[in-house]
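For reference, the structures are reproduced in the following blocks.
Two complexes are shown next, each including subunit A; its partner changes from subunit B in the first to subunit C in the second.
Right, the complex of A and B next:
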């Protein structure tokens, strides 16, 4: 076997990287790491700096040293901005609670049962996850319009819960697959009903994973744009659409737009810094 | 009578099924129905016109020769580049580098801040007059293109933004994949004095194939419906030259105010991605079987 013949007599096939001396290797690694950091951080830094520049200084953000918080003050003086943040917060929170509530049982069913019904449901989820959002949100707009739900809280909430049904059921199945069902059987032998076994045994065990998915769900809804653009108007402003509207006849008000973008980014930054473990767990597919 | 077991199963999925039916399946039926009718204010009867809208869309040169090629080009470019870059970042993080946690945090950020903020900042960064990219190019003495006013430059910025957002996703999933690989094959290869590149191409990639396959399929299907990045960066312009599928549907329905034609385009797009998605899935499945 090849293992047995492996001796020092074999020439080591070397790449460019191996030919470098250790010092040069370390330098190469530092360079690679710096490049990654620069690529992912630079646009964010540019945005933050722009948001701190006065209106007249925004066009040459790399020149000049005047910094101000006036943009933030000005953004908040617009009533619609506060309203948009409030609405987005409300929609994100409600959509997360509802979509987790609706899909946790569905994922449990997919994980614990075999037969025609789970098979059919799983196939449906698979097919409907493929449908492009615009293909059902466009007619949903007409439906909402005729039901008087256009530009209402409920109208946008329904779309957000619906979009999560397929994906979350699938992810939740994975969560429950990772939990040994024997505890539930034991609970049922001890007199628990099926529902009781689900609620008292399986649900607490999946708790951390569900929380991780909840964090991501909240952020996705907070960041969502297409549904907000199609299903809401002036009565229910949401932050992503409001942010895209800092465009006047004179051009885009970049300093104000950046200030709002930085504030809209805060939840994402906080979550990345303090709940990274959960985020990474929730992103598993 | 349905058994206690079956009724429990039905009870578990009932809320999800209802939400899916009411807010996705019913709208899809309504949209499909509308795509066969004339849908305008001066025709309250919504006259049945058969395949008229489909004929229009499928003979629209814009749809056939700009929108569809753009959509698939975006998928290939974005998925390919984010996979390559994501793999590089995953390998870097897997090696164990200094400032590991800092790098991981920074890499996670684009995914978390979402496409709207990302596209906003990219549009500013690539602004032709005041953007930092052009300032930097000017400082180097290079040309300063009007990024978003030229079709291929604008398309490049869209791809770059999409890669920026999705590289972290590939990196995280590939890193998880790398961490779960057994160590023995790598030790054996090291004993055999294999070079780094050979280890990568002959051991790492084949063993990661299932993860790579799943990532590529999911991302490719999701990429087909891209809307936010294109809408916020170029709005489909200049002169509708960077439109992708979702933008085309949106423009037909809300700019040209032809809901029925937009619906026809939506149905066509849905059928395309379903067939493409199934084919992709079958291809990847086969590819992975061969590698095993």
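Right, the complex of A and C next:
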């Protein structure tokens, strides 16, 4: 009754949720949140637990009490794993730095300048974006193979930069569209050149967006599997492909794969924790 | 502190003329307002003076230097934008210092200049804030401060008050006027608001369709509009225009208009000489019309259509033979029911006449 009387001054609500008592609402919310959390956390929990189980125990992770760090030791005793971590880190970092270097200026051009050059550039990006990601990989393989870049660090890096430049120029254009150009005009009147206005006013204003894009780019390259699988081989092992190689003819070494996967998650988790603000901004793209 | 001269200035976008043959001399230390409806070319003209737009034809000189090919940074101008255009990532102090630092001014002098500007504008407590922590009015003042510290030859204002609410706009208008008296600099101010144009300008330039319609002091523009457009654009409520016919009548002229005729004596018949028998457009300002209840000589007869009570006055719409005539400054207490017959008179000297075809004033 108290609800009904106090509700008279409020807008009328008819939802099922609003008809519940406040206590029941809280309980309902808790339940819903837990369900969602469980859905997202379960794979990670299973992964972590699997990585701590001996090889014979991985199918029974909900039974058994033997836990061991041996998987981690074993994984890191394989030279290829260390190499893969190192390579992936290098590719992700280099791809991010190089592609941002290009996309910041190319996005700015798309946003601020008119004429045939930006138009052509924008159209080509548009066309490339409509092509499914997977259809890039075979032509890239052929190109890399013919240029002698197959299974080289530069080969995989160039492929990533090419894709990033297309995808991120577009996003970067959106960022600069959101920044009022009169700020740059003011800077030009205040004594800057056109380039100076970009560098000293537009670029700092787009800073958070660039940071968000950088993080996304890094995580994307770090996690990327398809290009790595097709464009690299034994000479340039990468994280994701190396991880998949625990699937052998003799069966899948889930425990080792999980241990490596957990290790691979750590940089992503650290970045997400420390740069949450930017990542969230980036996710809104 | 310099004269700005525009000679035959044109701006073309393809086949479209955004600014068409503008000739204008802005005197040293003058506050000149460019006013007109949107798309009339006033902002483009300002941006050409600033160097933010190329000039298609003609020359622009600031002081004794032709600036056509000078980039904005070398023109020694300062500009305030509609949306303030403050550097979002810098504090107010750094915003004010930016232009001076670019010119390699020493930090000591920068500090003195900023102190001076801050005292004029009352920004002392805000120096450490970022622009997004300021209200619209405060941001506007920082933008003005950025101009003041620069000691530029010319100040350019691009609709600086249009993002403020009405009350603040009136306040900032006064501040701008006070500021110009204190910092005597040539200023060019663009607005679409006739009140700003009238109150701020030493001289006003009315633009329409990419061209200058009239240049003059606010009073000249109001009392002697040179075209029908200027007459309709300046003044609120807008001037009434009636189709009229001129008839010579002994000592003067008769102007026949819907609802009656005015007799105009020879002394007030400026512009009517030699126009006998001609069709003209007669312009009457709403504030110049007197409203009578009983039949009067030299009056137009009509009926009240609508009244708008403003408290201090009433606006009355009268229909005379199908023509709508707006009357303002009618006593608020006066009761005027729709349909009431009324008689409208005007001092003959306050009537304006325009050519039917060219819409130029006959004067």
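The rule is short, and it goes like this: the second predicted complex is superposed on the first by the 260 of 285 C-alpha atoms of A that agree within 3 Å, B and C clash if a C-alpha of one lies under 4 Å from a C-alpha of the other, contacts with A are read in each partner's own complex, and residues count from 1 in each chain.
Just so it is clear, a contact is a pair of C-beta atoms (placed from the backbone, for glycine too) under 8 Å apart; a residue touches a chain by one contact, two chains touch by 3 or more.
Note that the structure is a prediction, hence the values are computed from the model and not measured.
> Subunit B versus subunit C on the shared subunit A, clash or fit?
Aligned on subunit A, subunit C fits beside subunit B.
> On subunit A, which partner touches more residues: subunit B or subunit C?
Subunit A has more residues touched by B than by the other partner.
> Is A:166 in contact with subunit B, with subunit C, with both, or with neither (first, second, both, neither)?
first
> Draw lines from the C-alpha centre of subunit A to the C-alpha centres of subunit B and subunit C: what angle do they form, to the nearest 10°?
Taking the centre of subunit A as apex, the angle works out to 90 degrees.
> Going by the contact rule set out at the top, does A:280 touch subunit B (first), subunit C (second), both, or neither?
Touch status of A:280: first partner only.
> Can A:207 be said to touch subunit B (first), subunit C (second), both, or neither?
Only subunit C; A:207 stays clear of subunit B.
> When the two structures are overlaid on chain A, which partner does A:187 contact: first (subunit B), second (subunit C), both, or neither?
Once the two structures are laid over each other on A, A:187 reaches subunit C alone.
> State whether A:70 touches subunit B only (first), subunit C only (second), both chains, or neither.
neither
> Just subunit B (first), just subunit C (second), both, or neither: which does A:97 touch?
In the superposition, A:97 contacts neither subunit B nor subunit C.
> Rounded to the nearest Å, state the minimum C-alpha distance from subunit B to subunit C in the superposed three-chain model.
Between subunit B and subunit C, the minimum C-alpha distance equals 10 Å.
> I'd like to check the shared interface: which positions of subunit A are touched by both subunit B and subunit C across the two complexes?
none
> Any idea which subunit B residues touch subunit A in the complex?
4, 6, 8-13, 15-17, 19-20, 22-28, 30-31, 34, 88-89, 92, 95, 97-99, 102-118, 120-122, 124-125, 127, 129-130, 132, 135, 164, 168-169, 172-173, 176, 188, 191-198, 214-215, 218, 221, 224-225, 227-228, 231-232, 245-246, 249-250, 253-254, 259, 262-263, 266-267, 269-270, 273-274, 277
> Please output the residues of subunit A touching subunit C within their complex, sorted ascending.
It is residues 180, 182-183, 185-193, 196, 201, 204-205, 207 of subunit A that touch subunit C.
> Could you list, by residue number, the parts of subunit A that touch subunit B in their complex?
It is residues 2-3, 6, 10-15, 17-18, 29, 32-33, 36-37, 39-44, 46-47, 50, 58-62, 101-103, 105-106, 108-109, 113, 115, 117-118, 121, 124, 127-140, 142-143, 158-159, 161-162, 165-166, 169, 194-195, 198, 219-220, 222-226, 229-230, 240, 243-244, 254, 257-258, 261, 264-265, 268-269, 271-273, 276, 279-280, 283-285 of subunit A that touch subunit B.
> In the complex formed with subunit A, which residues of subunit C make contact?
50-52, 71-73, 75, 77-79, 81-83, 85-89, 98-99, 102-103, 146, 150
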